[in-house]
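Chain naming follows the written order as A, B, C and D, and within any one chain the residues start at number 1.
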Amino acid sequence: MDQEAKIKLSHQIMIISGIFSLFVASLLLFNFWHMYKNDPVESKALKAMVEQLSSDPGNEELITEIRNYDLLARKAYFTSVWQVNTGSYLLLFGGLIFALALRINTDLRKKITKPEGSNEKLFPARIKAHRWLLVSGGVIIALSLWAGFGSKNYLKSYSPQEIAALPDEGIEVVQIVEESSPNAIDPETIPETNEAQNEELTEQPESPANPDARVNKIHFGFEDFRKNHNTFRGPFGQGISFHKNIPTNWDATSGKNIRWKVATSKPGYNSPVIWNDKIFISGADKTTRMVSCFNRNNGQLIWEHEVKDIPGSPATPPKTTDDTGLAAPTMAVDGYFVYAIFGTGDIIAFDLDGKRIWARNIGVPVNHYGHSSSLMVWKNKLIVQYDTGKGGRMLALNTETGEAVWDIKRDNLISWSSPVLADVKGKIQIITSADPNVAGYDIETGKELWKIACMMGEVAPSPGYYNGMVYATNEYAILAAIDPSVPSILWENDEYLAEVSSPVAANGILIVATSYGVLVAYDAMTGDKYWEHEFSNGFYSSPMIADGKVYIIDMGGITHIISADKTGKIIGQPELGEDGFALPAFAEGRIYLRTNTSLYCIEEE
Amino acid sequence: MSKKGLSILIVAIIVVIIGIIIIDFIGNNALNRGGNPYEYNVDEYKEVDPSLIHYKETKNIALGDIIPRGMDIFKGDIYITGENFLKVIGIHGVQKLNISLEESGICVLARDEFIIAGLEQEVLIFDHMGKLINSWKPDTETTYITSLAILNNILFVADAGNRRVLKYTTEGNYLGEFEGKSESDDQHGFIIPSPHFDMVVNEFDELWIVNPGKHAIENYNEKGELRGFWASSSMNIEGFTGCCNPAEIAVLSNGSFVTSEKGMVRIKIYSQSGELESVVAAPEKFQEEGTAPDVKVDENDVVYALDFDRKLIRVFEKKLSE
Amino acid sequence: MKKILSRIFLLLLFSFVFFAAQSQQRFPKPEFESGYEQPTPTTPEPRSAGMEWADVFVLLAVLSMASWLAIKKRSRKGMIWLSLFTLIYFGFYREGCICSIGSIQNVALAFFDSGYKLSLTVLAFFLLPLIFALFFGRTFCAGACPLGAIQDLIVINPVSIPSWVRKTLDFFPYVYLGFAILFAATGTDFIICRYDPFVGIFRMNAPYIMILLGVAFLFLGMFFARPYCRVFCPYGVLLNWMSKFSKWHMTISPAECIKCKLCEPSCPFDAIEIPVNEKERTESSVRKNLKRFSFYLVLIPVWILAGGFALSKAHVFLSRANPTVYLAEILITHPELKTDTENLDIQTFLESGKSMQELVEEATLIRNKFRRGGWYLGGFLGLVLGIMIMNQFTMRKQEIYEPHKGNCFSCARCIDYCPVEKKK
Amino acid sequence: MAENKKLDRRDFIQKGARITLGASLAGIGIAAATKASAEKYVWQIDPFKCTQCGRCATDCVKNPSAVKCVHAYDLCGYCDLCGGYFKPGANKLETGAENQLCPTAAIERRFIEEPYFEFIIDEELCIGCGKCVKGCGAFGNGSLHLQIRHDLCDNCNECAIARVCPSDAISRIPASQAYIIKGNFTETQES
């Protein structure tokens, strides 16, 4: 065979084996695609037939059909397995022949050429190489730096409190208490005495007779707070309720799902707070100020006391606007006492049975709308954010006596926002928002831990706290997501800004409500917008998240209930028929709403 | 193709390969791996009509770091046994007694005079101070004791390993045994594929024994003769499913049965004749494929369920509205 | 006797109970009356350890043979047959596993995870080729590596690409090696095995993406000879170091080189060193080079620090490759995923009874490993890059045609081109 | 002379480098050898950790997977209503395709005696999806469980299933005890 013939032959073999391989490969691909499209092992058609059978168990015809289909499906599956196996061997064989033929073909056709010699100059080539190496090194370093600075270590923002598994609400959790009494030697007496002692400990008397005993009392923790609704915007003021089965449907005019409704004696924009079976509100008009306690199961008034005879209290209350009033701040309850602050600068504490414990005035506020910042309580400290025309100030009062534990000056202007508590790595921080600083304070000492200047104007929205991040906003300023550990602004946005309503974040989303009726949700971490809704009435009240839903009442008294996720589906828009400014308070299966004249309890039947 | 063109092509292919590797590496993570195409799905059977659920969970007693195996409720106290202890706990969580056992306790029964604990192969009797009064072992190697009951001063010991019920006096004297086999019908006797074999004595002094392999609850007299039974086999809420259910039973004061199932864990109430009356807890309340909780009832018909998977005693009370 | 047995059984039972707590109790099976005999579950034995040692022996034999063929026998033909054998034995028969390239990761993991059990056979696979390279050059690549063999066989029309492109690409095996060790040492992943492009072909069964990669490499290999070996192979880095200082290395000419240039186009891997054109070596260029050389020599510590800093900075990002860290982070940033029943990883974690706290602690530990590893990796890459750049300005006399000892695969192609007779 | 010196120096550097490299190689070798074991290791599933996610069927480099269902007869209750054999809520307790849970019908059901049935896995057909394991674990005694079959397993350096196993159930175990069979009662008795 001469050279030409060899070349020709190898060429032909090459083409034939090439076409063969391509053919086998496409068959294989087709097989893969077919299997992907309809997996015979988990056939949908078969499933449907079996489902049909369950509703008609005696259908012999259907049974035969299923059996036949199942046989076919399994045949198809095993045929396909066989096809894949055989196909890959054929492809390997074809590929080998092709490579060999191609190789021989090119070898045969290769003409002996005169070595061209290197036409590359040594030094310029090396200069070029060094330049490109520099570029590669630079690119790697730049990429790593970019990746390093661009990614946040979320492990650090983990705080156990938020992730802890929740027992279903309404279930009391009891831990086994070991015998601890040292004098429990006599086995006869162990059970009874110990039980008695421990029961006393766990039940914790609500009104200790002896004031000295109170000093050693066990303070309720966050776990207890979240079983209740003890402050403005729920436990810690974070806007998240842990209660479940919250109603989504009611109608005040027809009385649908309204468990009870009572008239309040005095108006007030504050929101109700709950401890166990008691619900508390405050109210005020030009002359009198009042704290009321209702049975939250039936709406019965348990006690109501006028707030008076407080040393330092002004004879004529300061001027306030109609949309603030003297009872705008929400009360706080810690399981022992309930605390209220009024636009006069009066703070009063009652025990849960209505006994007055202490009262004082911390100075009449210079405030052209009226004082509105709500109280927070933790352990033995009652936190008062008291930013007035005289400047920023914050106090922690001893819950037993009302004396100041600390009283600090803050370098910010007057504000109307409320403090928020947050458990940051096991330590409780107070987070506040005012012009110009969003700041965090150590609750024990009042020491400023961090601050970042990003607010301006008359700040009324309280900050939101979620997952280690702080969210602050105000109209004409920005919406800022702040990482307090640095501190730095992770992202900001100025598309929708709240005037009064406070932002809330949970489930990875951040909700902001504006006074012109827009409700918008962002990704809490990145600030990407998920959804927005525009409603005809504006929002002064703040959104709360409960049971996976956003609850917010607008100025027309319509409660908008929206799923707290990326979809933002509207679940319900029940009406009260009265203007709504206060926030709802949640309990298991119930929602409590307060208007200027009434208190509602809503429960789905 | 020119040499330069080829070089560019080569570099381009290399870049594409690196790109594919990086994209595949980054893309293959917990967020986009997808679900299980071969999921074993019993979801449709897990849904329970809420109107059937007449009970509400009101209290949990967290057991902490122990491995419980069985419990009894007697006069307001919880008797609980497991690896390797027997404890008495008040309803408020105060531990009143703690006896350590050499082996794991499996079942416990409390009466005024004593506390009886069943180990795998041994019966122990304690007084209420925790002092061991008596103990004995049935003399077979395959014994596996799962339940205890007392009727007319006879102590019935369920031996799941040998598919029989042993009878003793409370002093430990052997009185006899029976395997549930009956001549009058074609019942096979006890079929016990797994160590779940429960007995209970109701207010009317009737001994009811579960035949789990048959999905049946059977009534025996103290001689061990079958007097009656009912069975209910279904994946749906009306029946029992799996190879050995109901795993645990208890009785209410009116004679109705509280049953607890494994696999699809659910606690239900059946009338004495075997009609489903209501549901205490639907499967959604328990871990998937969980162990059947031990169920007991106190004098007020409050249902106590020992949830092994979550290590909780869960208290269910009848909803007030019903 | 029976009693002892039942004790053993009880003990066994106990250990099972320990594992599975409540649900998995041993329980006597029914007593059958029909004489039914219970079958025992079959347990087909794995390939015996003896066979694994046989693999080591075959490797040793193939390495010796390849070295002999390259250095003594000087036969390209023999080398082709040997690589065919390797392809069939280590490739298709042993399905490309275990291979020396992947063994880097096992060795790395053994050093960083005391709980990891390294097999001696794997260690042998790691060491043998390196030892051979130290004495005879990269004869492993020529004859004993199935990945090299499959690529060598499809070199159809190789083009010589400009040296600056090659020198730049030379850096990438180091990056691959560095990351492979980082991921292996942190117990994250074996990326070398995961992205071995040919193992799917050897097994004749692979996920879609691996087949795609394999085909891409084979296609590329027709024009750019041995692309995996030259641009990716992390083991090649180690072999390169060893081979550079090898005692005996294959030569092109059996005797004196006569500089006939005939061998010049014979090497598809551009691994032949060509005599330097002495005319380029002007005094000014030498001085300039020296200046640059010293500049980049001084710069090396800067590279090391910069690299270390940058990659340790990137540890947060890099550690997300670790499934534990990734899981912990998505659970923190997207708590709503806990309700996603389709997400098996999250659901399994939630059901495992492990607390979030433990997961986060574990993840933090791994992340800290990454930070330390980032310093080492960055420092190493910085050092390599610094030396590579500096080396562009070394002045070495090159008078004859000879293989570049580091890059040459000892495939013996060039030998056939040399017209010089062997001295008798 | 100068040439020679230069060559000598080159040789010296080469030799020195070679010895350094050789020594470090030896060092690594010895250090690694102290951590190495002569035992061969193979991948295996711990059935007590396995949660039957289905990835054994989808992620093994082998197709069908080297993971198969293994029946520990010792644990089996020999029930008529087998949670591993029948679909949840099966129409009737018989072997018809409409009642079978296994997608490839790899389980054979044989009658032994009233009321017991034997269930046998056909490994040729089994794809290792673990559906029956889930059913058996939930409603039965958990005698069915998944194991890597070493006659099929390639023993990859890094097991592709182990990488994606959500419950970390797959680990390397000594080849001398290459299986973790549940409740191996019979074998203990024989030994």
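We take it that a residue touches a chain if its C-beta (ideal position, glycine included) is under 8 Å from a C-beta of that chain, and two chains touch if they have at least 3 such contacts.
Values in this document were obtained by computation on a predicted structure and should not be read as measured data.
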Give the chain pair, either A-B or B-C, that is connected by more C-beta contacts.
B-C
Centroid from C-alpha atoms only, then distance chain B to chain C, rounded to Å. What do you get?
53
For the pair chain A and chain B, the C-alpha centroid-to-centroid distance in angstrom is 37
For chain A and chain D, what's the span in angstrom between their mean Cα positions?
41
Note: chain C sits from chain A at a C-alpha centroid distance in Å of 45
Residue numbers of chain D (touch at least two other chains):
53-55, 63, 76-78, 89, 103, 129, 137, 141, 166
Provide the list of chain C residues touching at least two other chains, using ranges where the numbers run on.
23, 27, 30, 162, 165, 194, 205, 320, 323, 344-345, 351
Scan chain B for residues touching two or more other chains and write them down.
30, 33, 36-38, 191, 193-194, 288
Can you tell me, using the touch rule above, whether these chains form a line, ring, star, complete graph or other shape?
complete
Applying the document's contact rule, which stretches of chain D touch chain C when the two form their complex?
14, 17-18, 21-22, 25, 28-29, 31-33, 35-42, 48, 51, 53-55, 61-63, 70-78, 112-113, 116, 118, 120, 137, 141-142, 149-158, 160, 163, 166-167, 172, 174-175, 178-179, 181-189
For the chain A and chain C complex, residues of the former touching the latter
32, 84-85, 88-89, 92, 99, 102-103, 106, 113, 115-118, 120-123, 125-137, 140-145, 147-155, 157-158, 160, 162-164, 467, 507-508, 525, 565
In the complex formed with chain D, which residues of chain B make contact?
28, 30, 33, 36-42, 44-45, 188, 191, 193-194, 213, 233-236, 241-245, 262-264, 288-289
Chain D to chain B touching residues, read off their complex
52-55, 57-58, 76-79, 81-83, 88-89, 101, 103, 114-115, 129-131, 134-135, 137-141, 164, 166
Chain B contact footprint on chain C (complex, rising order):
2, 6, 17, 21-23, 25, 27-28, 30, 159-162, 165, 169, 172, 191, 194-195, 209, 212-213, 216-217, 219-220, 223-224, 227, 231, 320-321, 323, 326-327, 330, 337, 341-346, 351
